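Below is one structure. I have some questions about it.
Order as written gives the chain letters A, B, C, D, E and F; numbering starts at 1 within each chain.
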Amino acid sequence: MPLETRVIETLSKVTTATLTTILLKKGLRNVWIRGATPLRPGQARVVGPAFTFRFVPAREDLATPASWGSPISTRAAIEAMPEGAFAVIDAMGIADAGVFGDILCARMARRGAAGLVTDGVVRDLAGVLGTGLPVWARGAAAPPSVAGLTFVGWEETVGCGGVCVVPGDVIVADQDGAVVIPAALLDDVVREAPEQERMEAWIVSEIERGEKLPGLYPMNAETKARYDAWRAGQ
Amino acid sequence: MPLETRVIETLSKVTTATLTTILLKKGLRNVWIRGATPLRPGQARVVGPAFTFRFVPAREDLATPASWGSPISTRAAIEAMPEGAFAVIDAMGIADAGVFGDILCARMARRGAAGLVTDGVVRDLAGVLGTGLPVWARGAAAPPSVAGLTFVGWEETVGCGGVCVVPGDVIVADQDGAVVIPAALLDDVVREAPEQERMEAWIVSEIERGEKLPGLYPMNAETKARYDAWRAGQ
Amino acid sequence: MPLETRVIETLSKVTTATLTTILLKKGLRNVWIRGATPLRPGQARVVGPAFTFRFVPAREDLATPASWGSPISTRAAIEAMPEGAFAVIDAMGIADAGVFGDILCARMARRGAAGLVTDGVVRDLAGVLGTGLPVWARGAAAPPSVAGLTFVGWEETVGCGGVCVVPGDVIVADQDGAVVIPAALLDDVVREAPEQERMEAWIVSEIERGEKLPGLYPMNAETKARYDAWRAGQ
Amino acid sequence: MPLETRVIETLSKVTTATLTTILLKKGLRNVWIRGATPLRPGQARVVGPAFTFRFVPAREDLATPASWGSPISTRAAIEAMPEGAFAVIDAMGIADAGVFGDILCARMARRGAAGLVTDGVVRDLAGVLGTGLPVWARGAAAPPSVAGLTFVGWEETVGCGGVCVVPGDVIVADQDGAVVIPAALLDDVVREAPEQERMEAWIVSEIERGEKLPGLYPMNAETKARYDAWRAGQ
Amino acid sequence: MPLETRVIETLSKVTTATLTTILLKKGLRNVWIRGATPLRPGQARVVGPAFTFRFVPAREDLATPASWGSPISTRAAIEAMPEGAFAVIDAMGIADAGVFGDILCARMARRGAAGLVTDGVVRDLAGVLGTGLPVWARGAAAPPSVAGLTFVGWEETVGCGGVCVVPGDVIVADQDGAVVIPAALLDDVVREAPEQERMEAWIVSEIERGEKLPGLYPMNAETKARYDAWRAGQ
Amino acid sequence: MPLETRVIETLSKVTTATLTTILLKKGLRNVWIRGATPLRPGQARVVGPAFTFRFVPAREDLATPASWGSPISTRAAIEAMPEGAFAVIDAMGIADAGVFGDILCARMARRGAAGLVTDGVVRDLAGVLGTGLPVWARGAAAPPSVAGLTFVGWEETVGCGGVCVVPGDVIVADQDGAVVIPAALLDDVVREAPEQERMEAWIVSEIERGEKLPGLYPMNAETKARYDAWRAGQ
């Protein structure tokens, strides 16, 4: 099920920092994928439903160049991705073999993938950047996936960077990394996030005017009244 | 498919050190589960077919005490284990929440499990030791699994301690840890292992007699002839 | 404020595994001190109020043998410990310099300390074991504290093994490690823990009788009724 | 006590590489804060007296959004910072919760802070860069501090990145990271550093002329005489 | 023995990603130096024969500024490097003391070194970048080598970033890091690499035309025929 | 040059804790080999001159079972060890391939080696313990050295567990691990150590009598006088 345009537009304007604050208030502390940073400086925010890939460590009898042609292959998985999906790749944190290089990323970009996040690395960094696919990863490594990884399946619940990701959860990624919004909480988050952003922007403008932190952040009653008045006037 | 008694008897007399040497000669360097040591001093060697469990990191909305009653639960998985199986538990290396405690280990022991190996930890160490189940793990931690882990399924291919384990591979574990024998290589390994053990024992006896290493280990032609003569006389 | 005898007696019969389950149900997932294991095999469970020590990394101009005589010294801190206190030592996880050796542990034991837990290590392991003080640590290292650590104060809120410990919280430690009970939750935990232990012991006895896990753990209504009947008969 | 303008001007022209060499000659090997790199490419060198913040790991009953309003809060600490101070934030190396985001960094910048160094991370990277505050950190993470950290106090001696920092020590930070100059050694360092820089620059110019390393670096007597003659001619 | 111009020209057009694929097919999975990334954004690919340096951890009686004048010094080693050599520096992964700064890198650049790769860090990053020497490292640190390292020799077989490097092996480094080609395999690799690159570029162009992955990568017989026809037409 | 009997006898009565204190006072903070613990519970203290072995990471073309017969092999190195030597094995901290198993340890024991210390692991733990050779290591692993390590030479200066070891330095190892005494400092250490041990034992006896720490440890003038009187009476 693709995301509604309205959801994508709203979340594209919300920082992952704000999203983690909202999720924390709902009791979720562990939603930020550790170790995945944007590979392209100045990478814009990207939103999409999670489409998961699962790797386990390589075993020499299973992870071979020949396995690339197997029916359970990353190739078949990529062809199964719907347009707009955000690839979430569980590489078990292995950083010395790239999950994908320029060829597979080029195909994902061609098929309209929103982005890719992994707790591992990619290979052929220059080639991957050339495809235009937005990527969050631990970096790049030259060796092919079969040097350290065996692909085992797609659209399973996975762990990625210390976070549980269920197919269909929503991924939002920006310069602070990638955050998972559980599907069941999506509506609430989309409703609450814009107000949180508006309020924080107003606080920053107050600080630029020279206001002190106590009473401003978090707001006391007097500040809250002032903010409400400002908001009403928007 | 349970292991034949003959396989269990043969492998019970072969060290995991010897098994890794044999597998290395067949091109497999990555078959030893990192971080899993026997919890009981003097633990005897144990052999059994792998039955896998897969955990991912905890998410507060999924890993709850209530989830213990879900149909996709560790309880259901344990009841599905055949007698003699060796539980292989992918805990993603998480060491601050125990995968199982005394209650679940007691049930596994009661159902005739051969042993349990995990790249995580158990909880209630005294209780687990009391059940008699042989366990290889990174240690023990007090918190329950839901404090750090979410159970997602059983009898899938998993990664455990940096090693790929496919359901039905054979696990052998002793004081050096746990080794995975891919199912397709089992017959060859069972055939070759006893001879490797016999030869190494003879070499140690030669060293005890005062022989020097060069020419002895690995054997040169003269030593080989001497060994063959001894072996023929057995 | 020393702990009431009743509290110590009750908690001495509760595993740290049970305590973390109870605390998790109250929303606390992070109460188990990582990396601290009992130094003595078969160490019995110990209970006491936390008395904290804080170290930072060594700086050559501050961490010198001469500093041992300073008024802000570990010696002064030890003399300030009340009888029955449990020393909690924040060593920032540094494992290549021992926080204390046999001399300071001997004095703690003489003053009636309940135990010592650290995310660092002790030194002179044989000597420390000889004092009889129960110790939970990452192990032992020969170098003195000044080789890697500078002592900065006592009875401050500290981090120890990834857990926040406030002076006066209660520490319970056994073979699964050490757990922190926040002071404000102590009464509730002391009230609930014995029943939790009783119930789990009954479940283990049911498993030994051959009962299956589903319906037993967690209990369904039928099992709950059976347990209540048994309990009423006690 | 603010730093004299003369001290700031002198140290602004000295690399942290040179400062660590000078401190090593005085016996201090451990003065470089591990893991803190400048968040802005091409970040200029910054100098200021250390003003310390101390965090410990989060505990769910203490680290809550509500705690942001407590009197012992990061807000109160920031308002206590004198102009020109360099914030040193002990985050115990925790990298999955940001110590500060754009709001608090904006207020620090507004109050004239020289910079911020932490062994943890910031959040809302784009926003923090927008405030203009120079920051040295392990990177960025979306989650708020309360997801992983509890603030406990300010102007205490702390450990940051494996280094002991006492309030009032002087911090110098550039592209090689951040270095601590103990307050008692400041005068000596300020006196010796410019000559060390001048000498090293002369050596580089000699290498560019084609001189070989032996005899040049370190200088032998002949080179020393040549350098002294050059210096006299300046 | 310097590399032939033809070898340098060929390898300068081959990605390290392709080189690791070719080496993997020959049975070598461990040829990529972990942790070494290019210090300069957009760093071009560099090729050269390995010239090794070996460090061990510092011991205060051996690693002193005075040792810089010893006959077994990094200075002497640098003067022994032939033009075009690629410095490979085994720093045992130590990241808190820089192996070299601007002075030694300036001399290497002046002597025509191809590049420098280390599993440690450099110091005086701005100065090092100023010398123009291409560097792959874990980053930068202010402290001098003697704060953490002792130099013990050159042109020995070393381990660097988890990879064995023998003097005279060939290093190729680009944005994916640095790869070691064992000297004995050089001719084969130089022969096979251009065809591999040509084929992968054709596949990317096919993807850009909208081709699906299965059958394309790896190629099935039909695709192979199409590629052969295209290649014949070049 | 073997150690004099007098040196061995003296050092056999001195804890490694005391030795590190003495070496720290001489300016050496980094003499304790990290990660090496005694494999046998209750292992007695062992003393011997260092005989070094150096491994680098495995490369598939170099680390093969066939390499065991090469002239540069661990076998040749073991035959070169003088009686009483303490094997110091630089395994670069690699913990998933055993440096030696029962065969090589049996030969070392037969040749009168004092002990073995490594920052790696051994294999065939039961067999190694059976040889009687005292071993300090990070543990045990089943895979053979060639699965992860390549042997490159002996009697070179090495790094082991973060410490520089020069052939001929003296190793002392007990329950707190293994400490390196640089050869040049041996005489001083042997002279000073017994008095340090005597003094610390007296302090412990004072604590057992109920003395407080301040004034006792470190001693003030009054305590010093009391100790001197006691010592004179011995």
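Keep in mind that, in the parts below, a contact is a pair of C-beta atoms (placed from the backbone, for glycine too) under 8 Å apart; a residue touches a chain by one contact, two chains touch by 3 or more.
Since the structure is predicted, the reported quantities are computational estimates derived from the model, not experimental observations.
**Student:** Tell me, which chains sit next to both subunit A and subunit E?
**Tutor:** D
**Student:** Quickly list, by label, the chains bordering both subunit E and subunit F.
**Tutor:** Of all the chains present, none is in contact with both subunit E and subunit F.
**Student:** Can you tell me which chain lies farthest from subunit D, using the average of the Cα atoms as each chain's centre?
**Tutor:** Between subunit D and the rest, the longest centre separation is with B.
**Student:** Subunit C-subunit D contact: same residues or different, taking over half shared as same?
**Tutor:** Comparing the two copies, subunit C and subunit D contact each other through largely the same residue numbers, since over half are shared.
**Student:** Of the other chains, whose C-alpha centre is the longest way from the centre of subunit E?
**Tutor:** C
**Student:** Hey, how far is the Cα centre of subunit B from the one of subunit D, in Å?
**Tutor:** Spacing between the chain centres: roughly 49 Å.
**Student:** With chain centres taken as the means of their Cα atoms, state the distance from subunit B to subunit E in Å.
**Tutor:** Between these chains, centre-to-centre, one finds 38 Å.
**Student:** How many angstrom lie between the CA centroids of subunit A and subunit B, rounded to a whole number?
**Tutor:** 36
**Student:** Where in subunit B do residues touch two or more of the other chains?
**Tutor:** Counting only residues that touch two or more other chains, subunit B contributes 29, 31, 162.
**Student:** If I apply the definition of touch given earlier, which pairs of chains qualify?
**Tutor:** A-B, A-D, A-E, B-C, B-F, C-D, C-F, D-E, E-F
**Student:** So in the complex, the part of subunit F that touches subunit C is made up of which residues?
**Tutor:** Those in contact with subunit C are residues 15-17, 19-21, 24-25, 29, 31-32, 34, 37, 162, 174-177, 179, 200, 203-204, 207-208, 210, 212-214, 217-218, 220.
**Student:** Over in the complex, which subunit C residues touch subunit D? Could you list them?
**Tutor:** Per the stated touch rule, the residues are 27-31, 55-63, 92, 150, 152-153, 156-159, 162-164, 166, 182, 184-185.
**Student:** Please give the residue numbers of subunit F that touch subunit B in the complex, ascending.
**Tutor:** It is residues 65, 68-69, 73, 75-76, 78-79, 95-96, 98, 101-104, 106-107, 110, 123-127, 139-144, 146-148 of subunit F that touch subunit B.
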